Amino acid sequence: KNDTAAPAATKAAEATKAPETKSSKKIILITPEKIGVNPFFAQEDEGVKKAGKEFGVDVKTVESTDASAIEQNLRAAVADNYDLIITSSFESEDALKKVAAENPKKSFAIIDTVVDLPNVRSVVFREHEAAYLLGAAAGLATKKNVVGMVAAVDIPLIKKYTVGFQEGLKSTNPNAKFIVNYVGSFTDPAKAKELALTQFSQGADFIAAASAVGDLGVFEAAKEKGFYTSGQDIDRTVTDPEHIVLSQLKGTDSVAYQTVKDFVNGTFKFGAVDYGLKEDGVGLTFVTKESKSKLSPFIGQDVVTKVKAIKDDIVAGKVTVPNPLK
Amino acid sequence: MLNWKGNIGALLQPLIAVCIGLLGGAIAIVLIGGSISDTYAQMWKGAFGNFYFFTNTLTRATPLILVGLGVSIAFRAGFFNMGSEGQMILGALTSAMIALYFPGPALFKLFAALLGGIAVGGIWSAFAGWLDARFKMNLIVTTLLLNYIAALFAGYLVAYPLKDKTGSAALAQTMMVDKSIWLPKLFQGMSMHAGFIIAIVLAVLLFLFIKYSAAGYEIRMLGYNPLFAAYGGVNRGKLMLASMFASGGFAGLAGAVEVLGMQYRYTDGMITNPGFAWSGIMATLLSGAHPLGTTVAAVLLAALQTGGMGVERNTSIPLEISSVIQSLLILFVTAKFSYTLWKRRKGGGSDAASS
Amino acid sequence: MLLQMNQITKTYGSLTANSNVDFSLREGEIHALVGENGAGKTTLMRILYGMEQPTSGTILLRGRKVQFVNPTNAIQQGIGMVHQHFMLFPSFTVAENIVIGNEPQVGVKFDRKKAALQVKALCDMYRLPIDPLRKVAALPLGLQQRVEILKVLYQGADIIILDEPTGVLTPLEAKELLVIMKSLASQGKSFIVITHKLHEVMEVADRVTVLRDGKIRGTVDTSATNAEELSRLMVGRELAQTRKSAARFGETVLEVKEITIQGKKGKPVLDRVSLEVKAGEILGIAGISGNGQSELIQSITGLQPIDQGHIRLMGKEITGCLVREIRESGLSHIPEDRYQWGAAKEGSVLENGTMGHHRTHRRNGFLQGKSLRNMVDGFIQQFQIKTGSQDTKVKFLSGGNLQKLIVAREIAQKQPFLIAAEPTRGVDVGAMEVIHDELLKKRDEQGAILLVSSELTEILKLSDRIIVMYEGRIAGELSAQHATEEQISLLMAGGDSHA
Amino acid sequence: MQHLLDVSLFNSMIRMVAPILLAALGGAICSRVGLFNVGLEGFVLVGAFSAIVGNHYSGNVYVAVLIAIAVTMLFSLAFAYISIHLQANVIVVGISFNFLALGLTAFCLKAIFHVKGAFYDKNMVGLPKWNIPFVQDIPVIGGIISGHSPLIYLAFALVLGLQYFLFKSVLGFRLLAVGENPVAAKSIGIKVGRMQYLAVLICGVLCGLAGAQLSLGQVTMFTEGMTAGRGFIALVAMMLGQANPLGVMASSLLFGLMDAFSIRLQGFSLPTHFTQMLPYIVTLLAMLFFRKSSYMADAQKANGSSR
């Protein structure tokens, strides 16, 4: 329930040791896996690169091949004297805990999870809030009262998406049937597509995609069979607005950009920062952020208005979306 | 010893192979417009460049050595154990569970965790052996299938009942093992841990066992010709279970050591993603199932991997191509290497399923 | 002259397998090639068949110089070879095995019907009957051999090389083969036959060439020589006549009572077989292979479970015991097939010599390397085993030398009971003499020996008592003094024993 | 429960099974000449990638399929050269080729399309779905059999074709001979190496088709590692089917059916992990009925006798 990470946030204030604003800084981003398969890391990479260009700092991205490579890359980055070492995701948690504790003079940042150390800035998202909105919208929009979701793997992290979605769906349409299927892999669009087709044959008219690379398969199924779907992380509606009618957003790029910017400008703070709907770190197209594409009639302005109201309630604290991981 | 000419030939051949492999890699580098000398220099640096990177390579080699030793025992006895991955997973999971939930003093827990890993990995492997001995199920298929089952089962445990609910709780993993049960690090600030010592000691012991013990003799003869072994009074069923147990036990130990020495918990995918088991199998095949050779081959493979990371960090060569170079090197090193062994296996029939 | 091989030399590294060999063959001739194991006979023939290239020397076929770089060349020129180790595909049918390489076809389809007809016609033509549709794996060795010969004939060979063709055949089958050869020779085919059995040479060959250490020791007309002279030429010395002393029987060592093994097709493989072997006795078991001898041996040694009956060794019940327990109760065993059961080809001489002794030569679970080495050194000395060193892989040993190693290993177990199955199969006369002497020595030292052999001369020479097996049963028992080859042959063929 | 068995289940099963079946057939051919090909996963991945590249440049799916076949054959030629000519250990070569394929495709993805992870072009047209006249109108059967990509029909046709090739044609007969007894095959002048090359190349063709079906039939895109273990499943199916085309088809279908079934079971309170285990467990059980010959027989075959 305690998803705002308040204790860490207070600690942030005392650690305002801002480095000098010189452009001779070296910043490195170490992703815990190959960027290839994950738009999440691609965005981080983009954000860091963009900031690097804008603020004239040296930035480099290193991809780790596997979990044990993360620690090695972190240590190598320390050895190579990078001024700020950014990494991300729960997979890097253990490695960063070790390396950051051993190098208290170095500055670190980690995106999407918390490492509670004085020289680490942690940024986390409350994806379940956005998933709740998506589910709410699906509940309002569905005509057949059957809604599906194709998720990647049955691991705790994904629960933020599936459970959040289900809660939202229940809140607006308690009678809707919810089907969730797991692909069992992050990189299997063929199977994801089959799952979507199966859910469609079971009567679903809206099938949310949350299967990483597999999402592409779900989109294709939607186009083929004419049902509606939604994307993840970035605004996916632009690729096929007719079928991809919504997108659950996660601002990793802006967070990465912001982190570099803060570091260069000397406004960098250690401690945990928590991004939800309120902080505009997560969101939903049309509801929290406009989109270049046209709103699908399946959703309709009416639904958007209603979901906007739900969003306001969450921001205002009138509705709390529980963190499924707690 | 008398045959020094042959020995030099045996040494020369892999050396030439490495050279050709490097040449092949060089072509790949040139094709993508990189600098050969720089790339190889970075590769060397990443693998052996200084003490830190050197120990890093040895750390990486540790589970490969153990898995490789395990595969080589089974292989020597004439069985192709492709199930190291599943055995390693279960070994890792078990050791994490014991370290987390067993009562008792720390040192006792550490030993219990290591032994538990060995036992469970061994049983999982012996199970496949039993299916072969009892039901004549093809060992290669069963061990492959059991990998998937083990991985999914372990995945379930850490995603639900054993899940770490502290921290972000986003990952399917157990809680972290208490510091008192960690395998000691060998050097301050380096990742190398006592597991490496265990691996080396076991490699030497296994070498002595296979070469000089009576049981080792029986294992070798069983592998050479099971009928000859049966004729000489070797009990195939029993020895099969024993060698498969030992084989899986080594894999289980590899998993346990990775948990207690490196990650300090079991995380879903920590064994599968780095491909430890496949590298271990390769190390065995590269060395013709010789325990000491397996150790050397494992270090070589680990060096290629850590060297590849070095290339990725310090050159513009993309990560993808470093895995290409790695595979090219391996391919050429294997060429004409463990040839005789395979030829014998080919007739063995228990692998290729030609009617 | 149909074929001439001139000054053929073949070296493998430092080893010279053939050295300046001259060999010739006439049209319609049967030419025997004899010599000790490892003398270079097979090598010479492999060169002729294009499987090996000579280091130097030339081959003239019908006066024209030819060069064979692979068997296909040789086959095209009308040369066929039946190898010492059959080159058959066990799971294929007879017809498939014969026509392979030159299959009748319609379009891309292999016309199996036509193949069967062609094979049938071929069989009729040469009067070598065989069912073209049977699986080769199910055929007795004699018929497998026939398949090999038919294959060569199908390929249109005029020159047929036979490498130890009678090694695995029963006496009857061997006789039949010789008849076939003669009849084919009269139809114009020429034969080169390698054999260790000199009586066959005398019976069938027109000329004989003797090889020793890769060199020609002479080519003579068979009419102008005899077996003794040939063996002297082969081994380079006079062979002593093995002499058998009078038997002194002791206690019963092995007792087999009414053992039965049910076969797959309802007919028992072993049908209530009972026998006894006493200390100081050699009991010979004769019979055409496939009449239950292998199963009998395997049940005694514990390699195959029995359905009924009892086996006692040294007064101890060993029915259903493990191989190891049986061996420890007093059994040693020269297996009938040295490569399948008796050795690990990839293993070294030392490793192969160690089997069985690894249980006695050990301390704290570790092998006593030195004493094992000394023991195997003893084997090598005593039996004059030709090997590079103890670390040579046995796959590089000639069959005779490997056989001597196995015999040495088993006799050195010093067990009261020894099974000797086909102890001299494919072994040259010199090695045969050594092995026979050792078996008799063991008997004279009050060992009990069960000798199983398809070689009647061997059975008659060594046994004190003879049992003949037919279709899983004991067809008759004879005492060695009174038994004759004819009597035994008759029993082996299922005839009546009251002769 | 009504969702457990329906038309779409079988329809989806046939689709999902096709790449596995094709690759398994390829593995079977290799196994028939005594090469145990662990590299199927890599072969299929290369096929999938080159199909997309072919489609991108030619704009014609059929040309794309041909390109996939050609490129995968080239890849398999390298495999053949190293394992047959250089006599490297086949299994090591197979494992290495899996890594090689992963690296090469990821690298070429970047080099050719300048993207990481996945290439997706919404204008790209995948393989068409063939609605078979008459058949499509048969109530249940039509829904299952009709409406698949041509490669799926080809896959099942190839099962029959290969069955014919292996057991009826002369070339297939010689191929089997090489696997049965290479020494004997050599002794009558059959070029053993050449036959092995042929088998590996056929395997390349089949895996190219498998890849094309995956990236142009199932979906119309390429993503890194999109084979997701199908090559290994194919390996299992090949062995379970005793390297016999019809047997391979049966075991692939069994696996596919169980896989499709496990999706349906996900809805029913059983944890996903266990439903995902289903295909593997059923395959394991199926092995009870497809036993291998005893080790004795194997060993007797391997250790020629002393005649």
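Going by the order they are written in, the chains are A, B, C and D; count residues from 1 in each one.
One rule holds for everything that comes next: contacts are C-beta pairs under 8 Å (C-beta built on N, C-alpha and C of every residue); 3 or more make two chains touch, one makes a residue touch a chain.
Molecules present, by chain and UniProt name: B, D = ABC transporter permease; C = ATP-binding cassette domain-containing protein.
Every value quoted in this text rests on a predicted model; they were computed, and no experiment measured them.
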Chain labels contacting chain C and also chain D: B
Where chain A and chain C are represented by their mean Cα positions, the distance between them in whole Å: 76
Interchain centroid distance [CA atoms averaged], chain A/chain D, Å: 36
Rounded Å distance, chain B centre to chain C centre (Cα mean): 45
Chain D, residues touching no fewer than two other chains: 106, 180, 271, 273, 276, 299-301, 303
Residues of chain C engaged with two or more neighbouring chains: 91, 340, 342, 345
Sequence positions of chain A contacting 2 or more other chains: 34, 154
Pairs of chains in contact (touch as defined earlier), listed by label: A-B, A-D, B-C, B-D, C-D
Complex contacts: residues of chain A adjacent to chain B: 34, 62-69, 71-73, 75-76, 79-80, 90-91, 93-94, 102, 112-114, 124, 154-157, 160, 325-326
Parts of chain D lying in touch with chain C, wherever the complex brings them together: 168-174, 177, 180-181, 183-184, 186-190, 299-301, 303-307
Contacting residues of chain C [partner chain B, same complex]: 91, 301, 303, 322-324, 326-328, 333, 335, 340-347, 351, 354-356, 358-359, 362, 365-367, 369, 389, 391
Chain D contact footprint on chain A (complex, rising order): 34-39, 42, 154, 179-182, 184-185, 187-191, 193-195, 197-198, 201-202, 213, 216-217, 220, 239-240
Chain D-touching residues of chain C, taken from the complex the two chains share: 51, 70-72, 75, 81, 83-92, 96, 100-101, 103, 105, 108-110, 141, 151, 155, 164, 167-168, 337-340, 342, 345, 399, 402-403, 425-426
